[in-house]
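Two complexes come next, and they have one chain in common, subunit A, joined by subunit B in the first and subunit C in the second.
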Partner chain A sequence: MDFLERATETHLRRIFSRKQLKRKKNLKSMWRRSASFILDRSSNSPPMADTTQTPFQNPDAISAYYQTRAAHHGVITSDWLAQAQAAVEQPDSSVSDLGAERSFNVIDEFNGWRKQPDLAEAVAAIRAMAAVIRASEATTMMELEIELKKASDTLKSWDKTSISLTAGCDLFIRYVTRTSALEYEDFNSAKSRLLERAEKFGEISCKARKIIAMLSQDFIFDGCTVLVHGLSRVVLEVLKTAAQNNKLFRVLCTEGRPDGTGVLLSNELSKLDIPVKLLLDSAVAYSMDEVDMVFVGADGVVESGGIINMMGTYQIALVAHSMNKPVYVAAESYKFARLYPLDQKDMAPALRPIEFGVKIPAKVEVERSARDYTPPQYLTLLFTDLGVLSPSVVSDELIQLYL
Partner chain B sequence: MDPRRGPLAVPKVRRVGFFTSIEPSPETPRPNRSLSGPAEAITSSSPLSDSPSGQFISPVQIPPSRHHSDNLASRAAPVPVPGPSAFRRQLANDRALHVGSYNPVDSLLGTSPPSSNGEVSEDSGSLFGFQRSDSAKLSASFPNGGFDMTMRVRAPQESEAKVAIASTSDGRKKNVEASERHYQAGEGESVAAKPRKEKETKSLKEKTSKAERRAIQEAQRAAKASAKGEGSKRAGESSRPKPSKPAKQPQPKKEAPQVTSSVSEKRAVSVEKERRMDVPQTQMQYDDKSRVDKAKRRSVVEQTESKNKVELFLHLPQYERGNQLPNLSSNIFSLDTIHHAVYKVGLQHLAGDISGDNARCIAMLHAFQEAINDYTTPPMKDLTMDLTAKINGYVSFLIECRPLSMSMGNAIRFLKNQIRKLPVDLSEPEAKASLCSEIGRFIDEKILLADKVIVQHAVTKIRDGEVLLTYGFSCVVEMILLYAHEIGRKFRVVIVDSRPNLEGQKLLRRLVTRGLDCTYTHINAVSYIMGEVTRVFLGASSIFSNGTLYSKVGTACVAMVANAFSVPVIVCCEAYKFHERVLLDSICSNELGDPDAIANVPLRNNKKHSKTMDNNKNLQFLNLMYDSTPAEYISMIVTDYGMIPPTSIPVIVREYRREDLLL
Partner chain C sequence: MPDVQSTVLEFVNKLRKRKIEGSQATAKCTVELLRSVISQQRVPHSNQASALIDAVKAVGEQLVAANPVELAVGNVVRRVLHIIREEDLSLATAAMAGLDLLDASDDDGEDDNCKGVGYSAMSAAVAAAAARSTLRPPSLQTLLEGTPESAAVPYTSSSGADSESKTADKSSITRKLKHDVIEGVNHLILEISGCHEQIAEQAIEHIHQNEVILTLGSSRTVLEFLCAAKEKKRAFRVFVAEGAPRYQGHLLAKELVARGLQTTVITDSAVFAMISRVNMVIIGAHAVMANGGVIGPVGVNMAALAAKKHAVPFVVLAGSHKLCPLYPHNPEVLLNELRSPSELLDFGEFSDCLDFGAGSGSPLLQVVNPTFDYVPPSLVSLFITDTGGHNPSYMYRLIADYYSADDLVM
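Now for the complex of A and B:
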């Protein structure tokens, strides 16, 4: 094993250019200057590269959750998204007259925030809730609570498929109910306090990514090969930080049909001079023996400690488990959700369009679900901003958070 | 000495949910400690051997006996290259290191009084620079906690950086770290002298006896305590006894209490007292002759011992059934030590009129309520003391009738705590009223309301077209099925039953009359029927801290078959049945049923048959009532706090039981 490691290491070093080694020396001097080097650097993640636009057949059936993801991947143009939203919002306006305006407001607000590619969905939800507070004419904490509850319910019912949206709403409501006006002298200060918190949450979400990236650095060792599935901003941040820390590692990207998330990610990684190899989704088992660890993001972390993530994660985790490779999940703590799926069909399916290139006969059914559930026994560790957790601790955190 | 490791310690303080920014001040000067080679040089050698921490942990010190996971964390953390192989190597290495310094016999023979136990571990913990701010949290996030530790142990100059970071964290931690820094600075000065000393120690190590080693450790601890007390560590350093001189051999027992401040001692005593209250009563072992005899003398129920004894289960109470009931029911009015309501419940338990954990528990609590209502404090006696003694008497009577279930044990503990918590200035009627209302609240909140919440949660897991399997009779499961039917879910129920109680028939009857689609089968056919099942719902008698389900015998079999068919197993259990103990098998804690029940097969003329069986010395009947299902066969536990995985039982016990039972 030692020998193997050394061999791959020398091999990798040959691969790496001299230029990078020089940069490494520069970095080291920076390291000496400040311990909080990584945190100080402003996030300058470039916007995702636009790829060819794929025409969609039936936009009505696409879940809003998937739209967000697609928007963040830069697959769809923003005006198309606006159209789709307009289509989705139609049924919502038929709520009772007084509530209609409020609910319309919340969802608008949410969509406004949601369009920013660097902002997570949960954060967008919390920003939208903050807007509710700002707009509300409530004079007591109880009134405000009821109003927020209503807003969160409309948001949640607007898109039932998004886990982080639900989690974000729940988290904020939880926070509001825990912050009683009694702690502050009057209602207004409590209100401003809540707003302040909501603002801060956006920053925290960015910081959470940095924290996770730093925590995971000890797990990426020189000469390792990392298999990545899906396009997760956290995982990208992890790999970016590792590259900045002069780790010598290789990344295998799955293609990620049908959105081509792997292509996008490999694009990003190659910009960072990280050796990348692109795999077919079906080639995971074939190349698993050269993989040292699997890194995935998560759409949601559920109470069992399992994750809900892009379709294919479960099967990669199964392959990795059977070959005794660790599976690491990078997820911010606001993705923790009070859900407990027992099997794959136990969640609201997030449907997406799939292009096969050839015409599919009408009688043939197509599995269009965009994500799957990976049970906790196939995961090794979760990297969160609360620390590196084993799957069973997730429930511990959730119980403390929500009960 | 990896220069990359610096900023890892930043997310050290774990916050849940919303938290304000923990930004280390950017102008913090970075300690210049990257003296080692360039980063690309892979440290393939064992990190423990070349890290300076080896110099700080004196080889004569017994490593602190921490929780296993903590130890693992602390060892795993210093690995700069924590690949899976490196991790394994590290562990192996460490084990080798242990053989020299830690002698398990030593700890066994340790003569220190139990009251100082807590202190020992605490002291040695801080000596290693490992401060548990919150036990569970740190142990849970292992690399996080681990980093803390290694950073501090590593090198004295590093502690400065630590403190700079800590300035942003909360105050308590800062204090701890500040004191740590003092201590480590002192250590840093003595580093030069250390290697020489160490060599000496190593050569002597083989010769030093266990007692001597113990003495050395004790002396070190004493010195540390004194240093802490005086505040100035220099004085402490100078007065510190030289630990590596085995010739000195002080009397540690007498020395230690002198040095330790009385405050900490008092605290240790109170902690110990609390701990004693924490520890649940050990079950009586019925193969212990003297204790059984003693208990018999006090007993109300005259039990005849069963002739049919199974070797492995001698520790469980085993008596003939049924013969004492007429005798007991005849003198129900002549007895005055036992309240008649309690007496009635006891007889009902004995005769098997009340079965099911919830029903038994509620009946018992109602009886206690009645008994408390009729209670008057005798003159010259204290209500708290006397009532507790009375309750104890009732409980032992109930145990004689039938061993208590875990849930009843929890309820009794709740009641006793309520009695203990009674304000002293309360008058007797007030105290009684408050106790009765507390018992009523317990029944309402922890049992009845909890069941309703469980039903609400569990119903979300029943979808249309499902086939649900249940085993035996559980009233919560019955409620769930009926409710799901009520709200219009279309599903089918498979009821699996077993001899000799055939409780499933009761459930079958109730479900069929309500119009549910049912299939009834015996446990022999469970592997056949499991193929068509999509969910398994099970009731519970108790769930232990390690997630082990303690339930009616046969449950484990059903759960294992379900697991083999990858059918999710859902256990429905009220949180008051959770137990903080750990159960590994179903031998230690179980209950023996009537052996005749399995010997006698109904619908068969077996008078002669059973007679030959009775006289056969080579034949014993074992009628176990419970079995234990390991946590890995359980997919989910539905409780009144929501749906949780079996690994989260200790969380519920820790977070919520305290307020009910111990505060």
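Now for the complex of A and C:
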């Protein structure tokens, strides 16, 4: 690390203790203006010879998915978003240069897409797969499918904890295997059609958020109080649309340690002139009687109809259920995953570092899991781009897709 | 056309003045009205399904606006729209199969023809798959497929057949669609009329010897259900909660006694006291929502809560015309109707309390007389419809079968 990087790291360490920092050179000036920092492990890792080598494994099993989300949530202001957008355009070109020398690295591509803060994980995965198709030299459909399968397995094994990544990959592979045999005799037209569909998928993601926002409008009535946990872009869209439709409502949002999602959400909501109240995570039961409904997003929707979401969602759902408050989940349909957790520990562990501000004795363990599983009986309805669903409909949808 | 319009207006008036009682009667009248609208609708040669759909939708919107609380009206309008779409789709696939056969029949062995056959077969398959997915609600499968082409595409797909046979085909298709739709609508009317018998057939599986059944208010479905069990020589007793303020429970009790069943009449407030001696609660629904929630006569929510507390099965009987594809977001207010306070209080005695002229202009005594009650799906054990017994979490499946996603918003 050069002198400037060391100096800034010391500076940061004084303010934010115990956070691993790696910075990109081209974001230096941007970083100075705002108090945000981008975590990017893989850009500093040595370039891989080809995709079949064992991908870089995090020794600490810290979930890359949650780190990226933390990075997105550094300080999200709308002008920061614009700057980040501009900044991530540049690394793309460097990736494609490297691609000329060595064989295509799908993980770099994926990370390139993933850094865009407004893009969902599954969309980034599918865009990465589209890049694989573009760079592929296959001449038959079978060959292309095999390459895609390999790329999908690489992506999935690189980050085992991200559910939307797995779901997005599976969805795309499923689509490819299903449509390839049907329609086209000409390989090149099939390939171009797959490419076109994959690139259109990003639009589907944005459209999905708008559809979900539209569907949930009826459920937010004038004078209601909504409890929100975690910073979901879909839920933000829902609340934004409700505010635009001149609905009068107020939002209670939990602090959301350790990500600090509460402060971020309250920033965004106060810009929309929605009355916001911040709660400690432990104050949820205390305030639950003045709440009319709970709105959460989801990292993944599992086969049973339950959801996997930021740590604390299960707790809130339990409290809401015991007090007869409806719990609504806003999730796009590509987050449906073929998982069936039987209890909280039944998923791949996703750990994240938690600072307590003071030094913890070495013998004390810390529960570092970043997410929990909420069983379907505590959820009232799911708003998806496929329509309003009750939790039991999810398994039906999954069966239709995978059978 | 003008006389159809006048019948529509007449029916709208009847609905607005609440002259038609009961969801079955309303549903039947609505379907018959729509049938006459369809038969009198003049359809163009191409794309006739959308002409029919637009006509039915226009009439349907008027009907739903006249009585938004009577959900059966909206339900049957959507059923008819679904029938139109289905018939159109089956005709389209039949037409394509017909075109293929036509190609194959004039086999000259030429290369062009063979290629033409192969190409049209494939494009037919594509168009059929696309058209099928328009009928189904959006799903994960179709997520990546993008917007499918409309069902009008098959008519324009070119093939090697001569134009004469094609137009002959088309005109027969023209007449067929209306005919098929009217047939489907007739079938729907039969279904609505026969729902009581279908449900009553299942009574014997649910009511056992020496059981005590509780019911609330009066429902013809429940009456038929109980009598069917009685006919099969099951001996059981019925508690009837009177269902204030209309006291329709009294009428039901009279009917049951006339058919030879041992009946006990109780007040609504005694339901919780008696629930521990009851084996099963059976009620008739006014409407069933997509999440499995039930709109029933006022008082059923109380009975459902009491039943849940004492682990008594709560069974709801509903004909298929009562299944509504909407999700209730505020059912107690939006799907309820407030009736006249005179059913509760006698104007003569209370005229001074209910005086609007005195003081501030609004009387101190308010009377609320709601017609319906909403029971959340967690309190219902079983739904018995004319297709059989189902879990509340399964209702979305039936709704997906009966309705198309495009018709949900009218």
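Structure notes:
Keep in mind that, in the parts below, the second predicted complex is superposed on the first by the 309 of 403 C-alpha atoms of A that agree within 3 Å, B and C clash if a C-alpha of one lies under 4 Å from a C-alpha of the other, contacts with A are read in each partner's own complex, and residues count from 1 in each chain.
Convention: a residue touches a chain if its C-beta (ideal position, glycine included) is under 8 Å from a C-beta of that chain, and two chains touch if they have at least 3 such contacts.
The model shown is predicted, which means the values in this text are computed figures rather than measured ones.
Once the two complexes are overlaid on the shared chain, A:245 sits against subunit B while remaining clear of subunit C.
Of the two partner chains placed by the overlay, subunit B and subunit C both lie in contact with A:200.
When the shared chain is aligned, subunit B comes close enough to touch A:395, but subunit C does not. By the touch criterion defined above, A:218 lies against subunit B and subunit C together after alignment on the C-alpha atoms of chain A. Of the two partner chains placed by superposition, A:228 touches none, neither subunit B nor subunit C. Of the two partner chains placed around the shared chain by superposition, neither subunit B nor subunit C is touched by A:347. Contacts of A:387 after superposition: both subunit B and subunit C are touched.
Overlaid on A, the two complexes show subunit B and subunit C touching the same residues of subunit A, namely 171, 175, 197, 200-201, 204, 218-219, 221, 333, 385-390, 392-393, 396-397, 400-401. Only residues 122, 125-126, 129, 137-141, 143-146, 290-292, 327, 329-330, 377, 393-394, 396-397, 405 of subunit C touch subunit A when the two sit together in their complex. Those residues of subunit A whose C-beta lies close enough to touch subunit C in the complex are 171-172, 175, 178-179, 182-183, 197-198, 200-201, 204, 218-219, 221, 333-334, 336, 381, 385-393, 396-398, 400-401. Across the complex, subunit A meets subunit B through its residues 1-2, 5-6, 9, 13, 21, 24, 28, 31-40, 171, 174-175, 197, 200-201, 203-204, 207, 211, 214-215, 217-219, 221-224, 245-246, 248, 292, 303-305, 326, 333, 338, 340, 342-343, 346, 376, 385-390, 392-393, 395-397, 399-403.
In the complex of the two chains, the subunit B residues touching subunit A come out as 3-8, 10-11, 14-21, 23-28, 30, 32, 34, 38-40, 42, 44, 79-86, 136, 140-144, 161, 165, 461, 535, 568, 570, 635-636, 641-645, 647-648, 651-652, 655-656.
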